[in-house]
């Protein structure tokens, strides 16, 4: 198992936790929490695969995703208080997950000869759409549209990947540099409470 | 026409009614009600087919679905009061519909060599996703995530089907046992007002 | 570039503007506004292509869509006040866009041997689903389900197209007649503040 797959699995597990936490917040029942855990973890990759036409979608072909999500949901339900205390660790793994999802989506689209701007969007979609579906199903305005700036980090990471790849660095170097870029931006952003400007139109 | 197809049609018709009732509750107009009737009836099967890559989606290849949905919407609009009085009958047909949708989704996935846990999810998706989309479009927290427990009944039914199939019973027997299991669980659940526990995480 | 493609591009641009205006209303940030601009512009066509199984979806194969949407979003953010003053012009282009999207969806489905009622639905989906996703992501009841009647205009336009095509008129004539029908209905509807009746069911 290569590093990308390992972090893909970790990302899936952490996304399932994040979904379950949101579900708990909305006082959903066990089934609802499990479903939200699932869509948070696989929603982004599914939309990417569906739009690219690469079906059955990826998580349906590898049972590890299924068990990792079930594990993420159960761990959150059983050890909820403890999980909440690990916020910093979760944040780190969540960011790694986002970075890895971005790379996986980007690479997959490029392999299918999708043009570069669209391939970047497919990387972004893999990373953020799960959270958007989670919030929409929970009847909330998607967090990423008005507060968290990790989308910007993903786009920057994707551009770093493309640039390093273009100048001929080998694959692992490109990937590590991308992950480091995304983590660095996200930490700087959160530490300094940086937010994108709101769009305001006054009549 | 075999029994499975007949009940698939009945389920489609009843789901269209349920969608229209929700739309009426939200004071949507005729077009909105028709659209909600459609997504309630075909949303689950469509997501299943899209994720499995079996497109054009099933309901697009059989006009009967189209007319059954239009009929369900019109009947509800014209005979609304009367339809509301048939709650018990509707509940029964709704449950049969859910059971049949579960079986259809499960069998379809198994035929495409999807592994068993994912195939169960495809059965579940066929049965519940229409209602989830209905509630999300109507700007409500999906009912099935916090109140109705029919998802549990579907999963139990799918496991019964798999078990009976595994020990070699013939197809109609497996299907009837599945439908009976789902109906029985759902009636017991509703009669006794059983709900899944809520997920609660206290900091 | 033929006329249909030109108006498809204009429609995409105007839909991106409409998405950005809704996002501004919800006080989303730049990223959120861009995403809403995107889904408004390409959501309908994407769902159509996904349900028909024609993937990668159309906008992923033509970079012009990408730049037109980015342009629409930026123009709205930078010249917001000015854009708001152009309401009548926007309304006209929006209606042309809807008409063209309807024709494109309808023709595509017919070319894939989809039956006529479903093909009309694919035309409708191309025209209205982007707005439905926009409103749902922005946590609003979709406008088109309870106020704007342009769906009715699309269906009427699709029927005009089918009829003229059936009696053997040539393609451009059919298309122009369809666009004119849709624009005419929509103007009459808006001028006279016509709304579809609400669905009401009293117990």
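Order as written gives the chain letters A, B and C; numbering starts at 1 within each chain.
Everything below uses one rule, namely that contacts are C-beta pairs under 8 Å (C-beta built on N, C-alpha and C of every residue); 3 or more make two chains touch, one makes a residue touch a chain.
Being a predicted model, the structure only gives us computed values, none of them experimental.
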| item | value |
| --- | --- |
| Rotation, 0 to 180 degrees and nearest 5, that superposes chain A on copy chain B via CA atoms | 120 |
| Same or different residue numbers at the chain B/chain C copy interface, by half rule | different |
| Inter-centroid spacing, chain C versus chain B (mean Cα positions, whole Å) | 30 |
| Overlap residues in chain B, where contacts from two or more other chains coincide | 50, 53, 136, 139 |
| Touching residues (chain side chain B, partner chain C) in the complex | 20-21, 23-24, 26-33, 35-36, 46, 50, 53, 55-57, 60, 63, 66, 76-77, 80-81, 83-84, 136-139 |
| Interfacial residue positions of chain B with respect to chain A in the complex | 50-53, 112, 114-115, 117-118, 121, 132, 136, 139-142, 144-147, 149, 151-152, 195-203 |
